[in-house]
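Please find the structures below.
Look for subunit A in each of the two complexes below; its partner is subunit B in the first and subunit C in the second.
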Partner chain A sequence: MRDEVIRWARAAVAVLVLAGLVVAPWVVDDYTTAILARTLALALVGVSVALLTGVAGMPTLGQTAPYAAGAYASAVLGSRISDVGVVQVAVAAGAGAVLAALTVPLVVHARGVIILMITLAIGELVVTVLGRWRSVTGGTDGLAGIPAVRPFWGLPALATDQARYLYTLVVVATLVGAVLLLLRTRAGLLLRAGRDDETRLRASGHRVPLQVSGAHVAAGAIAGAAGSLLVVAQQYISPADFGFDTSALLLLGVVIGGTASVGGALVGAALVIAARDWLFGVLPGQAPLVLGALFVATVYLLPSGVTRARGRLRPVTVPPTHQDAPAAREHATVPELRP
Partner chain B sequence: MTPLLSAQDVRVRYGALTALDGVDLAIHDGQRHALIGPNGAGKTTLLNVIAGATTPQRGAVRLDGRDIGRLGPAARARRGINRIHQRPAVFSTLTATENIVVAALPRVIARRRWWPGERRRAAQHRAGPLLDQMGLADVAAVPAGHLAHGQRRQLEIAMALAGRPRLLLLDEPAAGLSATEVGRLVDLLRALPRAVAVLLVEHRLDLVYALSDTVTVLRDGQTLAAGTPDEIRTSPLVRQAYADGVA
Partner chain C sequence: MIAVAAGTNRIDPYLIPALDGVAYGLLVFVAASGLVFCFGVANILNLAHGTLYAIGGYTAAALLDGGWASLALALTVGVLAAAAAGVLLAGLLTPIATGNHLTQALLTFGVALAGGSLLVAGFGPDDPQVRVPAALDGSVAVAGHRYAAYRLVFIVVAALIAAALYLVVRRTRAGMLVRAAVGDPEMVACLGVSPARIRAGVLAAAGALAGAAGVLGAPIIGPGTDTADTVLLLSLVVVVLGGLGSMAGTLLAALAIGEIQTLGVALLPSAAPFLLFAAMAAVLAVRARGLAARWRTT
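And then the complex of A and B:
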């Protein structure tokens, strides 16, 4: 009964948040609307980080790589071939997926700190390539003047911040819905099982490397699609959008939100980006320090993340005869670093 | 008759330590085979070799006469070699039902069910009776990490059975169980389908003699003796080994 109430309460909160996001552009100014659109794009990358870190048990600092691949693919496509939004999102997702697929051999057998280092290196490598491949990427100057996108063939181009924000919101909501559905399938179940005990999963006959590769490519596609949304929101991109600070902020946001929760990743990434942008004006130069303190406080006080704080107050219902069972280990915010 | 599983001349070394040295083993369909011996005799290493978790430096492992030496643990599990680990290995954040569904899926997938969700539904159908059989029906929806040690052990056995094993490798299944739980475990293992062969590693000789029809004794990585429980019980070699400090 209590679980049912909590489920309805969560659904109600989600609907309220979504309603708030829909009406936001009529409440705030154009500048804030543009910031919100960019934050939504980054929050979607946060979802891909959560999919890898919290669900598949592969902590990552490299999701900016497929994010960048998607953004540049979308920007080049938008400038030279098509200004249709769905085409750009699809191509960006494909670019992110291809880049992720190319890096699968590097990450499929790595775990723990090693995978963090490898993914960090991949992210940095991509930023370096973007800075040097001037003929396509514009180098460190980036690409500017990207035409406004039109969502579908025959529709007008999105000329206002309000329209671009709503387009971004629709795409993010659609993709997050798809991820939530995916996690309810067999694939989601196996990913969670692999995160718990990869050796056991293998001993049950499952092809773990295939599953890990699939999660990596799917997360790459999501990050790539988010890159397309960044182009829509900013109409300008440069390698600076995909640096290490973005990777670190995304991981921080996902940790704060709760790694195993898609909603938590959205909230956490949005909070961190918003905090950074707000602190940038209020405490010039001190934003990283405050974010670091926020990270330490969250991990110490809410190890399962902000959105899972409720779980700390609600014991798992175990039948009376089993109350002497040893409690399970707390879900670590960052998955156990497996050897 | 070709044995279900055979290991021939298996040798495993860890640096200067020889864990197994020229060990032979044959298990036939439906046979209950026990491996006993002192700590460090090589029992778990041999189980690892059979399960595909350890690659021997020498020797061959065959299933139905076919060499499976190059196959990993997952491929061997899909061929019917399932394992119970020394410490219960379950998926702690998944419910007991989900644990069994995960374990059952490879066999369900092998039956080529293409309709979306059909595989998972088929695996779920298998979970209910297994949970009943193990006495875990009332904790079906509880995350496995919240179960007591004995329940996790029973859940792991249910997971192994969900994979429809042909050979079940049991590595000290009674470790850490209460007397009641051991009694239930014995009943459970006796009730296993006769088609399932069992390779049991266990220190408790009363369990070994109660459950097995063939016993192999290892010592220092070599086969000390092999025979029926009665032969092993009366073997002077084995008596000497146990007098020297075994279990």
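And then the complex of A and C:
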């Protein structure tokens, strides 16, 4: 009964938030609309972080790497070949997936904090490459003057902030919906099972490294698509958009949202990014200081976010009292997994 | 020998970058060994490690005036300040459960963000100039080339630090505790050594190493707004490449990175942006199985 009420309440909140997001560009000014569009793109990266950190149990600080790959692929494509949005999103997702696939050998055998470290190094190295590969990326100056995107063949180019925002919203909603559907399938179930009890899943004949690699590539594709949206929303990209602080902010947002929840990741990432943008607006000098203090405070204040945030250790659906009773946990999850 | 005799002219232009690579590598080694301690002994992923280095760098820039006394003063102040920052970090980390890496990483990142902002507020947004002692300001002849005297002396000093570090870890009681804590932290706790004290000690030592690297290395990787990021990235790559098991691994990885960043860039300028990436990928791909086994046990 109570579960049902919660489910309805959640659905109602989701519908309300979505409705709010749809009408937002007519309520707020153009500048805020543009900021909102960028926040949506970053929230989509947050979803990919949640997919890896919470669902697959691979805490990551490097999702900015496929995000950047997607953004630059989209920008180069947009200024040289095609201004069709669908093509750009697809190519950007492909670029993100390729980069993620290239880095799979680096992360697939690692677990927990080692992944955090390796992904951080990957993300930082990608930013370094972006800063130095001038002929393609424009170096630290970034790429500007990217032509306006048209969502589909034959449609007009998106000339206003509202149009760009709505385009971003539609793409984000579609992709998030796809992720939610995917997580309900057997693949999603196996991914969670691999996070909760890898040994057992291996013993029952499942190829956990393959699942982990799949999740990594999928998350890369999502982040890459988000990169394409960033290009649309911002019409300008530079390596500064993909720095280490962005990764850390997204991870914080995902931890606030409860790591394994896609909706939570969207809300958490959006909140954190909005807080950053707001802080940089009102306190240009001290923003990093306040942001750092907020980080520390949030870590202390968020016990629920924190206990769930242990990579590849703990199921999210099991109440805290079961934490030290692995037998009960295995009973609850394993029968569902049998094919 | 034959290759050297025959190819002196071919090797010649790369001698200076190679020597630079040694200096750079040893600097990265001293900085990264602090992170290795932090991670290997206290099991903390300290994302504020680069900020500890930056503390040393800014101290050097503020105190060095071209004399030897100022160098000694800067070294003392820089090491103490960075060690104190390490202890502060340990204090902040105390309420967080050990092994909760995600939270630790977020906390240390917050500290890095705030610390970097404080450093910029205190020392200004411009990259400050660093004045090395006047006696070392010139250059000396190395195999017919001019080479900055400071860097040559730095190579010697950093090698001494590395040797001292090795002796401390291998031969002293503190080093024994450190090695024991890597091997079996619970047993060390059972023996009556407080894990909290080990943690504070290790973070202080890591801070001291980073601070020393920051002061001495200020003429090589100078203080600035992106110093902390650079040093953290290089240290992380060292940890990933060298593993946590041995100091020799860390040293080799650091020297390799030094050579990649200097000699590699001189040899293959067009591929320069990708070299560090490629090296990491290559080493990890070759050693994937061995590393996987080791990572799993940590």
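By definition in this document, the second predicted complex is superposed on the first by the 282 of 339 C-alpha atoms of A that agree within 3 Å, B and C clash if a C-alpha of one lies under 4 Å from a C-alpha of the other, contacts with A are read in each partner's own complex, and residues count from 1 in each chain.
What we mean here is this: a residue touches a chain if its C-beta (ideal position, glycine included) is under 8 Å from a C-beta of that chain, and two chains touch if they have at least 3 such contacts.
Note that the structure is predicted; figures quoted are calculated from it, not measured.
Novice: Is A:Val208 touching the first partner subunit B, the second partner subunit C, both, or neither of them?
Specialist: After superposing on A, A:Val208 lies in contact with subunit B but is clear of subunit C.
Novice: Could you say whether A:Gly285 touches subunit B, subunit C, both of them, or neither, answering first, second, both or neither?
Specialist: Only subunit C; A:Gly285 stays clear of subunit B.
Novice: Regarding the shared-chain residue A:Glu124, is it in contact with subunit B (first), subunit C (second), both, or neither?
Specialist: A:Glu124: touches subunit C, not subunit B.
Novice: Using the superposition described at the top, determine whether subunit B or subunit C touches more residues of subunit A.
Specialist: Comparing subunit B with subunit C, the partner touching more subunit A residues is C.
Novice: Taking the superposition on A as described, I'd like to know which of subunit B and subunit C A:Arg192 touches: first, second, both or neither.
Specialist: A:Arg192 contacts subunit B only, not subunit C.
Novice: Show which residues of subunit C lie in contact with subunit A when the two form their complex.
Specialist: Going by the criterion above, the answer is residues 39, 43, 45, 47, 92, 95-96, 99-103, 105-107, 109-118, 121, 229, 232-233, 236-237, 239-240, 272-274, 276-277, 280-281, 284-285, 288-289, 291-292, 295-296, 298.
Novice: Would you pull the subunit A residues touching subunit B in the complex into a rising list?
Specialist: On the subunit A side, the touching residues are 185-186, 189-190, 192-193, 195-197, 199-208, 316-319, 321-322, 324-329, 331.
Novice: Which residues of subunit B touch subunit A in the complex?
Specialist: 51, 53, 72-75, 77-78, 82-83, 85, 89-94, 98-99, 101-103, 105-107, 117, 119-120, 138-139, 142-149, 151, 159, 163
Novice: Show which residues of subunit A lie in contact with subunit C when the two form their complex.
Specialist: Interface residues on subunit A, with respect to subunit C: 53, 59, 61, 102-103, 105-106, 109-114, 116-118, 120-122, 124-126, 128-129, 131-133, 243-245, 248, 251-252, 255, 259, 285-289, 291-296, 298-300, 306, 309-311.
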